[in-house]
Amino acid sequence: MVGLFGTRLQKLEWGGWLAVGFAGAAMALGVTIAIGEMLNPGAYVNAQYTWLHLAASPGPFPNGLSLVAGTLVDPLSALMLLVVTVVGFLVMLYSIGYMHHDRGLPRYYAELSLFLAAMTGLVLSNNLLEFFLFWELVGVCSYFLIGFYYEKPSAASAAKEAFLVTRVGDVLFLLGIFIYFFHYATTGPNGGWAANGFVFTNGTTPFLPAGAIGSSTLLTIAGLLILGGAAGKSAQFPLHVWLPDAMEGPTTVSALIHAATMVAAGVYLLAVTSVFIGFTSTDQLAIVAIGGFTAFFAATMAVVHPDIKRVIAYSTISQLGYMVMAVGAGFAMVGLFHLFTHAFFKALLFLAAGSVIHAVGTQDLFKMGGLRKPMRVTAAAFAIGGLALAGIPPFAGFWSKDDILSAVYSQLGSHPLYWPFFLLAFAAVFLTAYYIFRAWFLAFSGDHPRDPSLPHAHEGPWVMQVPLVILSGMALIAGLFIFLPNFQGLLLHGDGVAGIPPVYGSTDLLLSGVSVGLGLAGIGLAYQLWGNGRVYVLPADSPWQSVRRLLLNRYYMKVAYDWIGLRAVYGISRGADFVDRYVIDGTVHGFERIFGSLSDRLRAMQSGVVSDYAAYVIAGLVGVFALLLLVAPYLLAHFGGT
Amino acid sequence: MFPVLSTLLATLLVGTVLTFLSGKYARWTALLVSFAFLAEVGYLLMYFPGWPGLAGGVPQFADSESYAWIHLGWLQVNYTVGIDGISLVLIFLTAILQIATVVYSWEEQKKPAAWFGLLLLTCLGCVGVFVALDVLLFFLFWEAVLVPMFFIIGYWGGPRRRYAAIKFFVYTHVASIVMLVGLLALVFYSGATSFDYSSVFAAAPTLGVATQAFLFLSLFFGFGVKFPVVPFHTWLPDAHVEAPTGGSVLLAGLLLKLGGYGLIRWAVFVLPLGFHEVQPILFVIAFASIAWGSIVSLAQRDLKRLVAFSSINHMGIVLLAIALGSSLGLLAAVLLMFAHGVVSALLFMTAGSVHHTYGTRDIASIGGITPTTPTLSTMVMVGSLASLGLPWLISFPAEFTALLATWDGLAYWVLIPLGILVVTAAFYIWMMQRMLFGPPKGVPPTAHDLPWYETAGMGILAGAAILFGVLPFLLVNLITNSPIRGFAGL
Amino acid sequence: MDFTSFVGPFVPEILLLGGTLLIFLLDVLGLRRNEWLSTVAVTAVVLALLSVLGDLGFGPLSVLATLSPGQIDTLPAFGSAPLYHFTSLGLVFQAIFLLSALLVTLASASRPSDEPGAPIFYGLLLLATLGMLLVAVASDLIFLLLAIEVVSIPSYLLVGYRRRETRSMEAAMKFFIIGALSTVLSFYGASLLFGAYGTTNLFLIQADASTVGFPVLVLLGYGFLVAGLAFKVTLVPFHAWAVDVYDGAPSDVSAFLAGGTKKIGLFAFFLVFLGPVLLVNTAAAGQSPFGGGAVDLGPTLSITLGVLAVVTMTVGNVLALLQKEMKRMLAYSSISQAGYMLIGITIGTAPALTGATLQIFAHVLMKGGAFLVVAGVGALGIGPLIDDWKGFGVRRPLTGAAFALMLLSLAGVPLTVGFVSKFILFSAAVQAEGWFIWLAVAGLLNSALSVFYYARVLKVMYFDRPGPLETAEGTAAAASAPALGAGGLGYGRAVAIGLAAVLIVGVGLYPQPVVGAIQMAAQHFVSAGV
Amino acid sequence: MTALPVAWFLALSGALLAVGIFGLLTRRNFILILIAVEIAMNATILNFVYFAAFATSGTGLSGQAIAVVLIGFAATEVAVGLAIVLGLNRLKGSINVAQANELKE
Amino acid sequence: MNLEELAFLALAAVAVGTSVAALLVRELVHTILWVAVFFVDLSAIYFLLNAPFLGVLQLGVYAGAVTVLLLFGIMVTRKRIFSRDAATGIGPVPLALAAVTFIFLVASLGEFPQGTLTVQSYDPTALSGALFGNYGPWLLLLGLIMMSGVAGAIYLVREGRE
């Protein structure tokens, strides 16, 4: 299945359709597998190949070392597979319409297909190393797709930034892998790695007995490193800076990679790790903290941003924060459930936004307005997505977000520090509702665009509308899947070790009520300020201006990173280059000069006057005498015989 | 038994002579010789009987041959050759690079007979180093490589080629000389009965720890300059920048490997006690090389210089892996040498093509070349991504293994190479951003995409990079068919 | 002493003497064409060489042997004081000397047939060669020193035989003055040894210094001898004449001096110092009158020679580094090579002597060959400066390759005889252990240093483009030069250069026959004493 | 029967050698240099003669033989030297060795 | 102090004095005179050492032939016979070098037996027998030296056509 997507598509006309066809086939398979797993857990035989093999030798691997590659289908991966293939197919379909003006389409489809393949591989990996391989491949596809419009300097720059920031996370991740690797090399089952390598077992048994986790400092560090990797991919604070800039890529890419699938891989990684390996309590706290803080932090930046795609991008970061938080709280499957719903409604939002951009040719919200009438489908889709995002029942977001909040709530007792992050997450609910509807009102309400120069808007072709409709449907009902027993089974993940919180599905009414209330309040505020084409202008002397500036400048973090990257590191590098050229190489030249001047001086003694030569001879004679009668006896007396 | 290794050497030797004599048909001769050589290497790979293992504590070799050469009683020198997995994989690398270089420089106009002849001669020297199992023979080939490379740099090189050629020659020669002292002392102080590897290997344990350490250091100086390690690296940027593309390819792809190979074969295996003593020094130097190579790369504007410094970084990782002294580390080192051989060669080819397509290698003065030369751009991307350790490309399994071994041996010190990986990624990505992407800049109107032979030359290497990136076990199985398998560690 | 037993061993010498006389006879008869004279000279040298090789027992040549095996390497009875004595190492050296003479005479055959002074050139050359052969059989100090003078006096005159050239004559003058001074010093040293031992026979002198009762006098005597013989070997600081002389002399003569006569000094070092160097007293012979410690002849001499060796190779190399003229560069390099050769006698073991002898053999080929090339290309418009060689290697691939090969061999690059000799020499130093390893280190570092200036010449020859002026001048000079075959070098010279090049590579690749023979000879030499 | 202290002779020959060396180093006239060499040569010959005269073993005779040979050799050397002087004088019009310094460095 | 010793001291003083004078006087012809005296003085020392053959040889070869040769050389190379040599200083370095050489040499004097030793005399017949017998090769070598020296010297001074 994986190999099919690598096909480099040459012909523009049918290339896109070919890719869509393969994506569709993949979706069919993915859905089949997911349903199969739902109905009959463990139905799929997992294949395994040796990738790198080291024979038994003394040293750290008394039984040798095997690194293997293989596939594993378990509830976790089945759910993720479903998301990847379905959203992937829909986005691919949408692209046919959205992208048809662009050059380099074969490249686009090839890269997108490769991305899907990699993502599928990632999901189906049966060990961390293979996981990492696909993880990096996904990252590269993301790099290429962000930089798709490579002639735009901003796109090239954003691609670079995305690669480098996620690279930091990758490095941490890799180190985490090493630690697990060696931890289990000595304590894992079968006494070593020879037998089955570092393989996730088939869903039912955690790799390590649950009780073994908790105290080891090394494991805590490993967990934190994994968290670092996930933070890089899932754009969690402080590695979140790349994701808004990644919006330089085509909107379809943003929808697929930077909303629905790849960025979710970090969450998936955390989930996989928590299920198969487990985190220590410190790790859990750290994960919750990062997730909760990011959820709020990203939401604040979305509040003021004028760019429609970036608002959604910040929203993605924020929602990913929720997922991370859920995993940290010990309910990986809840996080994954939110991932599942989020994938649909966020892809929906992006595609809707893409539809808008396609229609008006700008991403600036303040230029839009009154698009509701010419673009009814889009407006409705965006609204559904927004409601889902804001967590208004019965839309998908409500169910999953509510689960997360109650999951965290259930863990509040385990550590007092959970409280502030829980509250931040709650606050973010309000902000989320506010900013997404701010965007909706700005774009769709009113009578006409604020910028009259915008072209007359109209809906896109059917290939763009169909995915919108399907995704709208999914955003509406995906949350309700939770009531399907088989789907529940999927979420329960076998023995329920990391399954669903005790309050799942029923109503912790107070919690839900507050959350829905906050959501509605946010929508209300948005309407108050921006509804019906109104534009709220913050008074120039308002004390909030400085906050607004801070938010618009993204807390100056990008500036700081640029400074570190450009000034500090590049400065060091220039300094090092200088040292290399003039000090190290200079030393070499110094030898050259020393010998050169020595040579000149000695040659000056070659005066051409034979008397001088005779004097050298006699001086030599005297020197020989001195050697024989003075130096040599001295040496012999002090350093012994020959 | 059929003397297959001698045939291997003879093929190249005769091929070199024929190439020198064949005037304007030199490229065909060279290609023919390269194919013949590749076929022989293929035969070796196919019928490689595996590593024979130890006999009396001394490693044995496959296909070994031995003939008397200089016998003076106190001085017993033989022509002794043999292979194990380590040598074989590097010979294979030689075959790949040789054919890629010959194809890449297909249209060489300036004295083609001499050019192709010298290329083959360089390869001959490298293969000789890889198969030699006698101290003198080893040293002989080791030094013999310098001469053709000297001429390649000096005659076909860039504007400062004369200076670079002399610097290269003198610098590395000095190092070899120190190494020769070490080798001689190794033979004579240990009381080895002959210059044969096995005899030296068997006699070396009689040396005291301090002697071993000194010998190790003197050998390391020779190997380290070839590596090259910081601070003995300054011949490398000059040599690389001024060398013609084919020269850079062989220089980076093969000559640097001689250092790593020599260190493993002649120092680590032979002088374990000394190795243990100087291990901390090796670590310091390795970390310094890793960090320095990468950090300095970031500041480079010349594409070749950038790749040259990145070589220092990569070879630093090789040294680190060797210095760990574990079988995993040695495996990683050899794997990484192979990987670096392919990848850096590819990158130097791209640098060469950039240079003669756009007339400059200054990263800052060209930009947005992708639309004009998509193939070249793709090759730059493949090379860069491979070099920065992207999975599915050849460097990754090697670097992964190396880092794994580092964690195993040094725990958190692995943060240094890991952290540097980010810098490495940074300079490649930044280079690609400036050069490949963005609006076109400095693109002459006559620029067109690569001619077929350059594409083919790079294609061979890119193919190898991908093939062995996806299927690294092909190499691993080969490499572990060597004393690495029985290496007891420290 | 009947005639045959006296004359028999000296067949090579008599051949040379006969050649000389024949040449002088032709001169008197007015038959001065270069071709005839050179034919005589070459024939004499070749016959002598065959005879020597026959004595050495080289395969089928042994039928030519004029020495019975019993005459070689047999120790004379104690107390008898023979003036000459045949050793196989001496025969090896004779072969080496004859080889250098052969190269020079062969190359000289290419000169114009009306070359002025040709008779005196060949005559003196053969006489000097004869002297060299005699050096190789000496077993008496005075015999040795006189034999050296048999070489020196013709050498002075050979250097000055272009009597119309100021440079040539100036070189002869310098050569003569320093040579005369050194002769005095050598004889003075010999007189002191004669005073201490009552004999000048080298066998008898090899007695323990402490038994004589004149330890300081003996040391002074050896000191004078070191200084006197160092002149021939061109050790620093006794070297200054050599550069001017090699530069000023006709290049063929330079080839003979650097390749040939210089080596007699080394063999003299072997003869005079091997015994004392190998002497290691457990009890010191006496105290130094200047304080500082005990005087112990063996180690003291060894240290002194070692210091001289290191100083020589270093200074020679450093001097050569920035030299602009080709011949002077070669001269400096020749000085530094002498330092390597001296390592052999400093150590004094059979392996070390083997290495040094091979180095001497190699040097005949490398340096002699290089000077022959320099002499030959003068006619092709190549000036005295190194920069005049721009593009030479590309324009004249074969000659260029041969010259490059010689330089590479001088630099000690593998696959050449220069590498093998250094390898064996330094191996021997390491093998001898003790402080001798530092000689190897110094020698190796020096050979690394030397690579710089050899590489510079290669750079000029292959990488630099000739300027238009140089090319024009070169073309004009080449056009005006007499038409010679073999790429302008002349057949004789081409053969000589080719022979040197082939030997450089041949022995470099498979040194066993040569090295084996030398090693056996050296072993006899060391075990038997002089 | 003459009897003399050996050391005095050595002192004398040493002094003569020193004078010869001194002359060799300071004089610029070729002929004076030749004379200085001859002074030193005479010191050498003197050494052989008196060592022969005071020799305790039977080979003392060889010392005198050496002296004979050396005297002959010295004469030849002077002849050769003079030939070179004349050649030099013919070309340069001077026998000042310091002026013959075309070859240097 | 006996007569021989006195004679030796006198002769030695003359030898040193004349040799120094020969080198220091500025008139070249005077130099030749001083040198001639020096050679004669040495000849006297040989007689003192019971080596009459050598004394005679010294007189004949050195005081005779060599002196004449040197004079001849001066005559040929000078426009006027009585002309001054270009002034050359004594120079501290050459003086020091010569002095140090001398000091090293006399350092060995302590090894010689104190007091006087009897001078041996050799029969000139024995000497000639040895020269043409055991030590014959020395003379042969001398012959070779002379042959090459004479041949070469003649060639050099001859005004040949070139």
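Just so it is clear, A, B, C, D and E label the chains in written order, and each chain counts residues from 1 on its own.
Methods note: contacts are C-beta pairs under 8 Å (C-beta built on N, C-alpha and C of every residue); 3 or more make two chains touch, one makes a residue touch a chain.
Predicted, not measured: the structure shown is a model, and the values here were computed from it.
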{"item": "Any chain in contact with subunit C as well as subunit D", "value": "A, E"}
{"item": "Chain whose Cα centroid lies nearest the overall Cα centroid", "value": "B"}
{"item": "Chain pair with more C-beta contacts, A-C versus D-E", "value": "D-E"}
{"item": "Whole-Å gap separating subunit A and subunit C, where each centre is the average of the chain's CA atoms", "value": "76"}
{"item": "For subunit B paired with subunit C, centre-to-centre distance based on mean C-alpha positions, whole Å", "value": "42"}
{"item": "Distance between chain centroids, defined by C-alpha means - subunit A, subunit D (Å)", "value": "95"}
{"item": "Distance between the centres, which are taken as Cα means, of subunit E and subunit C, whole angstrom", "value": "31"}
{"item": "Subunit E: positions in contact with at least two other chains", "value": "93-94, 97-98, 101, 104-105, 107-108, 112, 135, 138, 142, 145, 149, 152-153, 156"}
{"item": "For subunit C, residues that touch 2 or more chains besides their own", "value": "81, 142, 146, 149, 153, 156-157, 160, 163-164, 173-174, 177, 181, 216, 220, 223, 243-244, 289-290, 323, 449"}
{"item": "For subunit D, residues that touch 2 or more chains besides their own", "value": "10, 17, 20-21, 24-28, 30, 34, 55, 60, 62, 66, 69, 73, 76-77, 80, 83-85, 87, 97, 100-105"}
{"item": "Full enumeration of touching chain pairs", "value": "A-B, A-C, A-D, A-E, B-C, C-D, C-E, D-E"}
{"item": "Complex interface listing, subunit D residues touching subunit C", "value": "10, 17, 20-21, 24, 30, 33-34, 37, 40-41, 43-44, 47-48, 51, 55-57, 59-60, 62-63, 66, 69-70, 73, 76-77, 80-81, 83-85, 87-88, 90-92, 97, 100-105"}
{"item": "Residue numbers on subunit A that touch subunit C, as the complex places them", "value": "595-596, 598-600, 602-603, 605-606, 608, 610, 612-614, 616-617, 619-621, 623-625, 627-639, 641-642"}
{"item": "Subunit E contact footprint on subunit A (complex, rising order)", "value": "615, 618-619, 621-622, 625, 629"}
{"item": "Touching residues (chain side subunit B, partner subunit A) in the complex", "value": "167, 171, 230-231, 233-234, 237, 292, 295-300, 326-328, 331, 368, 370-371, 385, 390-392, 396-397, 400-401, 403-404, 407-408, 414-415, 418-419, 421-423, 425-426, 429-430, 432-433, 436-440, 472-473, 476-477, 480, 484-489"}
{"item": "Interface residues, subunit D side, partner subunit E - complex", "value": "1-12, 14-23, 25-32, 34-36, 38-39, 42, 45-46, 49-50, 52-55, 60-62, 64-69, 71-80, 82-87, 89, 95-96"}
